[in-house]
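The two complexes that follow have chain A in common; it is paired with chain B in the first and with chain C in the second.
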Partner chain A sequence: MAETLPSIIVCERVARWYGNVPALTEVTMQVPNGITGLLGPNGAGKSTLLRILTGQIRPSSGSARVLGKDPLTDSTLFDHLGFCSEDDALFEGLSARTVVRLLARLSGIAESEVKERADDALARVGMLAVADREASKGSKGMRQRVRIAAALVHAPRLILLDEPMTGLDPVGRRDILALLENLAADGVHVLFSSHILHEVASVATHIVVLNRGMVLAEGALSAIRAELADYAFTLCVRCDDPRRLASHLLSAGYVTGLRFEGDDLLHISSASSLRLIESLPAAVLESGVAVNEMQAPGEAVEAVFQRLIG
Partner chain B sequence: MAIHERVYQRMSAPPQAPASRPWAIIARVVGRHVMRSWKTRLVMFASLAPGLMFGLGIYFATRNEESLLSMARQFALTNIVSLEDVTAEVWRRVAANVLYVLEGHVQLWFGLILTPMLGATLIAEDLRTQAHEVYMARPLRPRDYVLGKMAVIGTRLLFILAGPPLLVLAIGNALIPSSFLPCLHFYPLTVVFAGIVAVSNAAVMVGVSALTRSARYATAIWFLVYFVTWVVSAILTETTSNRWFELVSWRSNQQIILSEMLALEPLHETIVSMPSTTHTVWPSVLVLSLASWWGWRMALGRMKPRHG
Partner chain C sequence: MRGRLITLIAFGLRHLLGARKVIIAALLAMVPATLALVVRTFAPPGAIDSFLRQGLPSVLMAICGLMSLFTGSGCVRDLVEERTLPLLLTRPIARARLCSGLLLAALIASVVFAVVATGSAYAVASAGDVLVSRVPSPWRLMFTMGVLAALHTLLFAVVGLQFRRSTIVSVVLLGILDAGIGSAPGPLRRIAPTAIAEGLLGEEWTTRTSQLSPRELFEFSEQAALVMLVAEILMLSVWFRRRARRMDFLSAEVSSSGN
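Our next item is the complex of A and B:
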C-alpha cells in the first residue's frame, strides 16, 4: 500500500520568466499520490515546471515543495526523487550498466549494493540483457529505458519524467506506460509530462492541464470533464432515417451543423452540449426514427483538452 | 527486494548518508571513459618519452667521467677539474636546470595538448545533452560535479607533468654520488608545480568548456588564448624590454613560478629561454589564481539553479 500523503507536490503561484517571455504564470497546483499526468501542448511550460520541481532552475516568483521539501535548498530531497529529463541526456560513451551504477553511487548507495541495485533497475525496464552496450548509441527507446532505470536505481518515492514517451514506437510506449503503472502499484508516485493525450488518460489518476504557462484544469479526467458542463460538441447518431431526424433538429437554434455519412449516420454539431443532450430524446421520439448507436467522439480526452486550451 | 519494500525501508530508516566524495566517483568513471580515446592514450604515452630520453642521457653521461664533468662545468660557472670539485650547490643547479627544461618546457607542451583532449567535452557535452540535469537531480552539490570534472583533467596532468621529472631526478640521484641530498627538496617542488599547472589548466578548461557548451569551440579558445597571450607577451616584452609583459602569457606565468620554485640561475649557454628574474613570483600566482577562479565560477554557475 502506498504511503498516504496529502500532496506530494505543492506549487504556490510559481512563475518563471525567460527575459520578457513568461514560461509559467502563477502556477498553483497540488499533486496527490499515484500517477499524475502533466498535460499540455509543446511550449506549455511542462519542462520548465519539472525543472523547477527538481531544483534545476529557480522560479521567478512563488514556491514549490516536493515531498514537503524545497528542491532549491534541501538536497536530501534527491534521496527520494528520481528524475528523467526530456532531453536525450545520457553520458556519451558509457554503457547502460555504467551509467546506472554511476548514478547509484552518486545517490549514496553502498558499494556492496550498487551492482545488484543497478541490475534490478535495468531488469525492471527490460534492459539487463543489453546493459553492456553504449547507452547513448542505442535506439531512442533503449536510451529512454536507461534513463528511467537510472532514475529508479535508488528506489525513489517520487519519479518525475519529462515526456518519457517521446520518440518511442507504439510497443515502447505501451511498455513505458505499463512500467509507470507497475511503479505506482509498488508505491512509487509518478509525475510525467506528455502532449499525447490518450496516453496520459490511460494511466494517470490525476491530470494537470497546462497551457501557455497556466494551469487550465486539475483533477481526475472525469472531474475536469464535469467542470466543462456546457460546450460545443458533436454527436454521431446511427439510425434508420438520419434525414428525418435532421429535419426535426434543423429548427433548433443551438444546432450549428448537420452532416450525413452513408445512409445511416448523422453528425450533429451543437453550440451547447447540454441543450443537445436534453432535447435529442424528444427529437428522436417526434421523428420516430430507430436509433441504433450514438457516439460522442468529442468526449474523448483530446476534445476535453482542445476545449480547455481553446 | 521489491522497489516498494526498499521505499518503505528507506522511509523508516535514518536518512541515507550522501555519497562520500562524489567528485571522486565522477572523476573515476568519467576519467576511465576519456582514456578510452586512443589519441588521448597516445599523447599520454608520448609524454613519458622525454623523461626516458633525459634519463638515458644522464645514464650515458655518468658512464663517462668527462661528460659528467662537462655537464657540471656548464652549470657551475666555475672551473672544475675533477669530480671532487663538484659541490652540492653545483648538483642542485644541474638538477634545477634539467627539471626546468623538462617540466617547464617539454612537459608543459604535453599539458597544453592534453588539457583540451581531456577536458573540452567534459562540461560542454553535459550541457549540450542536458546530462548535467541527471547529475543535479542527485544528492550532489554543484561543486562536487565541477570538482569531479576538474579531477579528470588534473590527475592526468599531474601524472604527465610530475612523473617524467621525478623519474629523471631519481635516475640522476641514483647514478650520481652525493647528488641526492642537495636535490631532495626538488621532489616535493616538482609535484607542487605539477599540481599548480594541473589545477589551473583544469579550472580554466572546465570554465571554457562550460562557457562555450561546445567541445570544438572550447578547444579552439584554449589554443587561441594560449598562443595569442604567448605571442603578444613575447612581442611586448621584446619591443619594450619590460619584463612585466611576461605576465600576459599563461605559459610564461607557469614558467616564472617554476623558475622561482627551483631557484633557477642562468646558464653559460642557455638551451631554452629563461624567464625574467626582475619581478617576484606573486604576480604570476595572482594571474593563474584569477584565471582559475574564473574557470571554477563559470563552471559552477552553469550548474547552479538559474534565476528567472
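Our next item is the complex of A and C:
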C-alpha cells in the first residue's frame, strides 16, 4: 500500500490564494516512490502545486517538503530535483544543445562532463540528431523534449513534470510515457501532471486526483476505483436492433440516458455501473436482440475521475 | 560555485545582447558622438570646445540613464516575462546569487555602453586640431559616466524585481529623480544619481544644471558625492538582495496562467 512506502513529497495543509481566488485549498498528501500521476481538469491547481513544490511560489499557508527539504529555502534540493514546467518557453537564440549545456553547468556538473551529460540527456528524449537547431523556434513537441532533457541532465532522483505530453503527437506521447517508465526503472521518482486520464493510468503507480484546489482522492488507481465501486458509467452496445433494446431499458430506473449512433449502436448511460452491468444481460434476453459488441468508451478511469470531480 | 556565477554572467550578457532593447541602447550610445560630429561640422569655431566642456557631460548623463534603463530593468524581469526564469530557478543555485549574476551582467553591459558612448564622443569632438582651448582629459568623465550607469542599472534592476511594468516605472523614476529632483536646487537633489555624478566630475567639467542654478544651493563636494554613492549602492544592493530572495515577484505572472 502507498501508505507504507517512504514519501518523497509531503504536503501539509498547503493553500495558495491569488488575491481572493483560491488556487489550492489545504492540500495534504504524500507522494511515494515510483511514478505518481497528478490528475485533474484544467484549473484544478496542478501547476500551482508543482510551482510550490519547486519553490517558485510560496504557499499562502501550510508547508511542503520535497525529498525532506524545504523547496523555498534549500537550493541544494535542486541537486536532486529536475523540473519541467508547463510553459514551453526557451531562451531565444540558443540551440537545444547550448540550452542543455548551460543548465548542466548551472547544476554544478563539472566542465569536463558537461558535453557528455548534455548529449546523453538529449539522446534520451530523442533530440540528439537535431540538437544544433535553435530550440525556441522548434515545434512545441521539440521544445518540450528539450526542457525534459534539461530537467534530466543532472541525473536527479526526482523529476516533476507539468503536463509533459502537451503539444506532442501520439508517437511523442508514447515516447515520453516510455521515458517515464524507463526513468522509474532506473530508480528515478516521477511526479507528472496531466488531465488526460488514460495516460496517467497507463504508467502511474500512484494517483492524486485534484480538482478546484482540493485533493479528491489519493492512492493506487485500483484502490480509488474500489472505493468507488459504483459509479456513473456509459456503455456502448452494438446490436441488430438498438431501438428495441432501448425500449426495454427505458423503464429501468438506473438508466439516465440513451443515444443512438448509426443503425446499430446504442450508448447507454447509467448513474450506477453495478446495476447496469447486472441488469443488462436480462434486458438483452427480454428484447431478443443480437448483441455484436459491447465496450465502455470512456474506460473505468474516466468514470472514476468524473465521479470524483462530481 | 564561481564557475556557476561566471556561467550566469555570460548567459546574462548573451541574453541582454540578444534582446531587441540592446539595439536601442546601442543607438543611444552613438548619440553623443553624433552630436559632437554635428557641432564640430556645422557650429562656428570654438563651439566644439564649450560643447565638450559643458554640453557633453549633460548629454552623457541623460544617455547613460536611458541606456541603463534598458539593461537594468530587464535583467531579471525579462526572464520572468518570457517565462524562462523557472529554468534557472530550479537549479541548485540560491536565488539571490542567481539574480546577482544576472545583475552583474547588466552592470557590465551598462558600464561598457557608458564608456563607449563617452569615449567615442570625446574622440570625435577632440580629434584633429579643431579645439582652440585646453580641455580636461576624458578619464574622469569616462569613470564618472561608468559609475552613473552602474548606479542607474542597480536602481532599475530593483525596479525590475519590484514592479511588473518595470520599463514604464523606470522611465517615470528617471524623470522624477534625474530631471526633477536632480535639477532642482536644495539638499534633496543630492540623492539624484546625476547630482552625485556632478559631484564626482569635480570643477573641470560643467553641466547644464551647475550653470543654471546658484552653486551654493547644491554644492556637492567630491567626498560627499562619494559617500552618497556608496550609501545608495549599499541600500539598493540590500533591497535587490531582499527582493531576489523573496519569490512573490513571480506570483502575478503565475496567477495569469489561471492554474
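Here, the second predicted complex is superposed on the first by the 234 of 310 C-alpha atoms of A that agree within 3 Å, B and C clash if a C-alpha of one lies under 4 Å from a C-alpha of the other, contacts with A are read in each partner's own complex, and residues count from 1 in each chain.
Please note the rule applied: a contact is a pair of C-beta atoms (placed from the backbone, for glycine too) under 8 Å apart; a residue touches a chain by one contact, two chains touch by 3 or more.
Everything quoted here is computed from the prediction, not taken from an experiment.
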### Message
Once both complexes are superposed via chain A, do chain B and chain C end up clashing or fitting?
### Response
clash
### Message
Between chain B and chain C, whom does A:V66 touch in the aligned arrangement: first, second, both, or neither?
### Response
neither
### Message
Per the contact definition in the header, classify A:T76: touching chain B only (first), chain C only (second), both, or neither.
### Response
both
### Task
Could you tell me if A:L245 is touching chain B, chain C, both of them or neither one (first, second, both, neither)?
neither
### Query
Of the partners chain B and chain C, which touch A:N42 in the superposed model: first, second, both, neither?
second
### Task
Have a look at where A:Q56 lands relative to chain B and chain C in the superposition and call it first, second, both or neither.
both
### Query
Of the partners chain B and chain C, which touch A:L276 in the superposed model: first, second, both, neither?
neither
### Summary
Among 4-12, 148-156 or 166-174, chain B clashes with chain C only at 148-156
### Query
What is the shared patch of chain A, the residues that chain B and chain C both contact?
18, 51, 54-58, 72, 75-76, 78-79, 81-83, 85-87, 89-94, 102-103, 105-108, 147, 150-151
### Summary
Interface with chain A, chain B side, in the complex: residues 2-4, 6-8, 10-11, 15-19, 22, 25-26, 29-30, 33, 36, 121, 125-126, 129-141, 305-308
#### Entry: Residue ranges of chain A in contact with chain C within the complex
18-19, 21, 23, 42-48, 51, 54-58, 72, 75-79, 81-83, 85-87, 89-94, 99, 102-103, 105-108, 111, 147, 150-151
### Query
So in the complex, which bits of chain C are touching chain A?
3-4, 7-8, 11, 14-15, 18, 82-84, 86-95, 247-248, 250-251, 254-255, 257-259
### Task
In the complex, go through chain A and note every residue touching chain B.
2-3, 15-18, 51, 54-61, 72, 75-76, 78-83, 85-94, 98, 102-103, 105-109, 120, 124, 147, 150-152, 155-157, 183, 186-188
